[in-house]
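Pasting the structures here.
Common to both upcoming complexes is subunit A, partnered first by subunit B, then by subunit C.
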Partner chain A sequence: MVSFIARRLVVSVLLIIGAAFIMYVLTSLAGDPLEEFYQSRLPNREQLMAQRIERLQLNVPVALRFFLWLGGAAKCLIPFADACDLGLTVQGQPVTELLPQAMGATLQLVTAATVLAIIIGITVGIVSALRQYTTFDVFVTFLSFLLYSLPSFWVGVLLKEFVAIGFNNFLRDPVIPIPWVIAIAVGTGLLWVGLIGGDMRRRLTVFGVSTLATAAVLVYFNLSNWFITPALGPVVVLVMSAGIGLVMVALLAGIRNRRALLTAGISVAITFVVYFLVQPLLNISSLYTLMILAAATLVVGLLTGFFVGGPDRGQMMRIGAFTAVLSAGLILVDRYMRAWPTYMGLSSIRGRPIATVGAETPNLVGDIWVQGVDSFTHLLLPTLTLMLISFAAYTRYARAGMLDVLNQDYIRTARAKGMPERVVIVRHAFRNSLIPIATIVAADFGALLGGAIITEQVFAFSGMGAMFQRGLSLPDPNPVMGYFIVIAVMAILFNLIADLTYSALDPRVRTR
Partner chain B sequence: MKINRIGAPLAVATIAAMALVGCTTTDPGEEPPASTGGTITVAEVNELTAFTSSTSDTNLDMNGKFIGYTRSSFFYLDEALNLIPDTSFGTVEKTSDEPLTVKYTLADTASWSDGTAITANDLLLAWAAQSGYFDDASLDPETGEVASGTRYFDYAGDTSGLGLADRPVVGDNNMSITLTYSEPYADWQLVNPIDAPLHVVADKAGVSVEDAVDALTTAPRGDAANPNENATIKALADTWNTVFTATSLPSDSSLYLSSAAFVLDSWTPKQSITLVRNEAYKGDLVPNVDTIVVRFIGDAQAQVTALQNGEVDIINPQASADTIASLQALDGVTTLTGDQFSYDHLDITFNTGVFQNAPDVREAFLKTIPRQQILDAIVTPQNPEAQQYDSQIFFPGTAGYEETIKSNGADAYHEVDIEGAKALLNGATPTVRILYNINNPNRVAAFQAIQASAQQAGFVIEDAGAENWGSLLGSGTYDASIFGWISSGVGVGGVPQIFGTTGGGNYSGYSNAEVDRLANLLQVTLDKDEQDAIQVEIDKLLWADGYGVPLFVAPGVMAHSDSVSGVVYYPGQAGVGWNFWEWTKS
Partner chain C sequence: MSLSHTDIPDPTALEREVETEGVSQGRLILRRFLRNKIAMISLGIFLAVVALALSSSGIFGIPGWWKYSHTDLPKLLDGGKPTLSLIPEWLGGDGIHLGEHPFGQTLIGIDYFAMTMRGVQNSLIVMFVIGILVAVIGTVVGAVAGYYRGWVESVLMRFTDLIIIIPVIVLGAVVGQIANQHFQGLGVLGLSIVLGLFLWTGLARLVRGEFLTLREREYVDAARVFGAGDARIMFRHILPNAIGVVIVTTTLVMAAAILLETGLSFIGFGIRTPDVSLGLIISQNQTAFSTRPYLFVWPGVFIVIIALTVNFIGDGLRDAFDPRQSRFVPRKMKEQVKA
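Entry: the complex of A and B
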């Protein structure tokens, strides 16, 4: 194993140097950095040209210039010396200062989208594999290909028009018109029918219940002015956390398992009591308070499982922890919702909360909840854009992987020996279907920092993509090389991680 | 054992509870009461890179705009490029024509935002940077690099004009400087000897203010033949060149001192800067609004949606026809269109090829250029009022432009005249190679229109378009070229550069003794009206020689929400913020 990693690292360094050389030469040849001066009518244009030639060392042949750059970059490898020198941009700013800012902006933009796309994509993919060739499966297939083929600049602009500007206009008089209520309710009903399936009678029941429930909720929204003063309230928190508990039990232990039900029930009950107790504390919370509370929630959940667990301690601890953390998440959501009216009332928001550009409202005054809502309103659109497009790929991989596994002999064996379907799917099929996806997920995390050039531009996030694009258009090789080094190292690192994970997940794979 | 089972969790719980309480915050309180003037948010394409725009590294539009918000000057330019003096900062007075002597006197209201008064010390520093007085560098003619000596201040502007002046005489209790020029300098009115605060530069350079002033007032003029480095000035210059570059708000607020109505308050990298009222400002240009937020939004369409969504009040995008269309579809938004200080033009090569010593062929070729068609295709969608641009020298909207188009003969080329061109060619079919930038769609469109039209008159048009067109300029490998000129819009220093026989920007090989004479005369003419009269004459000669034709002036756009008033379109680099003190927010 060690020799495998060592060999990979040595090869990687050579690979990076080679690729960096190609990148440097291509960037330097991508345009004429003096172009703006050819068109200048300034009396001192010649002097400006000479200055730029000196700044970019244009008198030195490109290949030699690369080694000058490499000399500075190599200093980054000296640990703790702080001697890293990735050069200056044409504007005289050090690349080492710009990179962390750009990485920060990009991570802000793409992290949530990537995580959500992975979770939702895999879930939808697995469900559609289990419902193979049903209307739901066909619909998901259609939708995923449709979204996959959409250009991001177009999705971004559409979302701005309808989700931001449209929704903000709607907030002036937040009542959903009756035709829309009916359409949304029927659509939701159909979605649930597709998800749950079953015979005709069951379908009709599901359709009727979910349609009516949705319609009732929407009407409630209209009557209670919910979009201006949203909140979940204790009742909804209780009902929803009970739902979460049931789903956890059903997935992890089976609905007939009394101990599991007891564990989940205790977790939900504790959450409900805590809901009332914790509100005053939340009002004065900082980020660290929330982190401690989250850790405490996890511990309480684990302890519940530990004490109730009996022979199935591990399983019960999992159920307890999942139920407690997710239910506590509801309390958090509820608290954020309660900050909404305050946020809407701020003069800098002007009653139009959903933003179309940037990462934050400049000079926002408010507590952690208002700040959180501000981040949400700014990240909503870019996250949706990126997620809609990338979730499609995960859906396809997850569906194909799941179908592949479901057709294996050992699944048939498991069913033949009388295992409950839940165990067959969750234990035998689902876990194994995740192995190929692990590779893709690792590669995608590696590519996170590469940025999303177009989405960044549409939503005015000046991240890695913008840095690359600006450097290339002049061309100014130093920022481009800074960008390149980061993504090259990430790609190689995450490939290595993917290989190692693979061998950890699948005992048939050995690394030598 | 027993104690452990109960005690350990208890201890953990206690510590957690303590940490929990310790990590809470107090209520951040209410929003500060909305002050009277309100906040205006402006969208700009580029982010700030420095608190100066005077060095060649930092001479970028956003840096210049930042300086506009936070620094007072002896004058500013209005939307028609008139010089408007700001006497609450200082006065400029020409005390003698022969030799040209100009006195700059600071008003006693001029001060930096840290409370330090602005004195002749600051003017001396600006003069040292802008004049290159101390430079003793000799350049290697091959590479343009410094071969010996020192170039102190990396000033982005032209040093040759102010370099004519002798060391300024400080007077009026250290509140004025007087410059005496050895030769008349035509653009003397554009000299604005104020830049960074000397006390800050000296402090950062590790030099006392007294030593700095002493060096600036006693060190001899640089002599390239006998280079002799002055350590104090070198330290000041090195600091001046680099210390104001930034990527985020520096902890040291002296790096962004203000001398105007606004001062930088915060900077969120990649997002926005916030400018608040400068409490120390005592001048006349007092704004109505209390806060200006500048947000960095590169994409034009994103600026438009942000304006529509009320996130910004004023936008200043790099516009296309689509941008204008989507702006005009919005309610509650005022769109301002106009010209920018850059124009595309077709130039003819005089010293080689088919047009050499062939005035008839030149005239015939220019007669075939479909100027109106190109204007309609490229500019009219963005600026419906755009008209053919008829001067090689003046910009539309200036007084000189109105004067020159009466007589320069440009109207002869308003319409395509194929028959006239055929008559001039008299059956000949000359081949014309046209150079242009193949990556610029406007230039490609212009080339195609010209090609189609000129072929009708019998010209054979060869496509000499290239990606590296810039380095091919002046190489003699083409007969005509389509490219753009970018200008500051003011000053006459650029005229001999482009139209003089030995000018650095004369890619056409154009040479006319009368133009050379007038251009040289222009450089020593001090009066604005006389300058205009000379330029009108040059313009006329250029058109008569068939120098080429301007194609169109690049259109620009600004837009603002109707809750803001006082925004006036501005064609120059200062951009939309040029009259920020007149903005009001309802």
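Entry: the complex of A and C
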């Protein structure tokens, strides 16, 4: 194993150096940094040119200049030495100063989009595979093809227009018209019918219940002016976390498992009590408090499962932890919602919260909750744009992978020996279908970083993509190379992780 | 006729022919593809778009039937509003007609239908040139690497790895910028050739994998015993058995290529004015969305139509070449159990 990783790392480093060389030469061909001076009539033209030649070492031939650059970049590998040198921009600023801020912005964007796309994409793909050739499956398949064929820049502008501006206009008079209420409710009802399936009677029940429930919620939103002063409140938090607990038990242990129900119940009860206790603390919280609270939630969840114990202690601990963390998430969402009116009232927002450009409102004043809402409103649309496309891809992979697994003999064996369908799907099929997906997801992450270039341009997001694009069109070669080296290292690293995950998950694959 | 394993007369073949007419693999695949409704509808729509784009503005100097070109500057009529009407008169509309400027006019009066058609044409050119280059280079590199193995494979595959590290869009942007800086005259064709020269890596890997397994088959040994040369074995014997991967991957690369080209043109590293790309005109008109949405909608619709139909065609081809995918049908299984 160690020798495998070592060998892969050596090969990867050589590949990165090679690819960096290609990029360096191509970038130098893509534009001459001195071009702007050739036509200029500035009196100190010669001096400026000499300065730039010296900064970018343009008097050295390209091939040699690459090795000078590489020497500087190699110093980044020395830990804690702070000797990193990725060259200067045309303005004389070190690239290493530009990188961290740009990387932070892009990573924030890409991480949120990837995580959401993975969770939603895999869930939808698997449900669609379990309901193969039903209306739901055809709908999902068509949708994923459509999303896959959408140009991200076009979607981005459409989202800006309809979601951002449309929603902001809607907030002026936040009442959903009755025809819309009916349409949304019926649509939601149909979606649930497709998801749950079953015979005619069950379908009708599901449709009726979900349609009426959605309509009731929407009417409540209208009556309580919810879009201006949104909140979940203790009752909704309790009901929703009970629902989460039930789903977790149903998925992981089966609804008849008394101990599992007890674990989830205790977790939910603790959440409900904590909801009241923690509010004063949340009001004065910082990011670190929240992190500590999150860790505490996880521990409490695990402990609940541990003490309930029983023959399958690990399972109980999983149920406890998942229920506790997700329910605590609801408390957090509730608290963010309570910051919404404050945020809307700010002079820099003036009641139009969903932003179309940038990563944050400049000079925003407010506590951590207002800041959080601010990032949310700014990240919402770019994340959605990025997510839609990866969502389509993951749905396709998850569906194909699940169908593939369901065709295997061991699934038939499991069914034949009388396993409940839940165990067949969750334990035998789902886990095995995750193996190929894990590798694809890891490998895709690198590609998504590159793909953020277009999304960043549409939403005027000053991340890595913007840095690359500015560098390429100026032309300013060193930021371009800085961007490239980060992307390449990420891609290689995630590919390595993908391979290792594969060998860890699938014992048939050996790493030698 | 030369000798290869397919041409050797099979002693039992004559007898069998009397019983049933033999169906070749290719015919089976074609039949499966023709039976795929979604793929056939997509093919129809795609061909219709191609016909519309090529016939309306003409190609290779042959004039089309549309009266304006993307460089003409007719007078601005009615503030450049679109005149296309699709609601018939008996439904209270204006009747189905194109009018003077079906998609409207830009601010300076250029006919937007002509511009969009020119953009579609350019996208199609980029798509096909990239498709051809990817198919040829990817197949040859993959075939040579998989067939010869040894140092040839190492060199070719390490080179492939080298290019694969650089994300396609980054490579495309840099290469597009070079094409614009140095080969101003080549335009669309130059851009697509340069892009095609870098996009073959995925296909090469897949073809190599196919060749690695197929080269161990008996018919390859048989062909070699008959004295067939390397090139003949590779391209007449092994390749026909690996053609599915080539066709399917190339189709999907072509669908991705149109998104790549329009995306690059959108961020300014692809096709540039005075020529037209769908991505470029979207980028020019995105700020005008609230006042003149028709300038924004049509190019996007055409990109989606082309990419979607090509994706569906690729998927149909994949199903035709590899029908194993759709085996698990719970409902059918239940029906069988009941019966």
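Heads up, the rule we're going with is that the second predicted complex is superposed on the first by the 477 of 512 C-alpha atoms of A that agree within 3 Å, B and C clash if a C-alpha of one lies under 4 Å from a C-alpha of the other, contacts with A are read in each partner's own complex, and residues count from 1 in each chain.
FYI, a residue touches a chain if its C-beta (ideal position, glycine included) is under 8 Å from a C-beta of that chain, and two chains touch if they have at least 3 such contacts.
Bear in mind the structure is a predicted one, so any value in this text is a computation, not a measurement.
In the superposition on chain A, A:Leu232 makes contact with neither subunit B nor subunit C. Of the two partner chains, neither subunit B nor subunit C is touched by A:Val249.
Of the two partner chains placed by the overlay, only subunit C lies in contact with A:Leu26; subunit B stays clear of it.
Shared-chain residue A:Val157: touches subunit B and subunit C both. Taking subunit A as the reference chain, the count of touched residues is higher for B when subunit B and subunit C are set side by side.
Contacts of A:Gly18 after superposition: subunit C is touched, whereas subunit B is not reached. Look at A:Ala324: by the touch rule set out above, it reaches neither subunit B nor subunit C. Of the two partner chains placed by superposition, only subunit B is touched by A:Ala460; subunit C is not. With the contact threshold set out at the top, residues 157, 161, 165, 457-458 of subunit A are in contact with subunit B in one structure and with subunit C in the other. Contacts from subunit B toward subunit A in the complex involve residues 16, 19-20, 23-32, 34, 39, 41, 47, 49-50, 55-58, 60, 139, 143-145, 154, 156-161, 242, 245-248, 266, 268-272, 274, 291, 293, 295-299, 301-303, 305-306, 308-311, 342, 468, 470-471, 473, 483-488, 491, 493-494, 497-498, 504-505. Listing the residues of subunit A that touch subunit C in their complex gives 15-16, 18-19, 22-23, 26-27, 29-31, 130, 132-133, 145-146, 148-154, 157-158, 161, 165, 400, 403, 406-407, 446-447, 449-451, 453-454, 457-458, 468-469, 472-473, 475, 480, 483-484, 487-488, 491-492. By the touch rule above, subunit C contacts subunit A in their complex via residues 158, 161-163, 165-171, 173-175, 177-178, 181-182, 255, 259, 262-263, 266-269, 279, 282-283, 286, 289-290, 296, 300, 303-304, 307-308, 311-312, 315, 325-331. Put simply, subunit A touches subunit B in their complex at residues 32, 34-36, 38-55, 59, 90-94, 97-98, 101-102, 105, 157, 160-161, 164-165, 168, 281, 283-286, 288-289, 292-293, 295-296, 346-348, 350, 352, 354-360, 362-363, 365-368, 457-463, 466.
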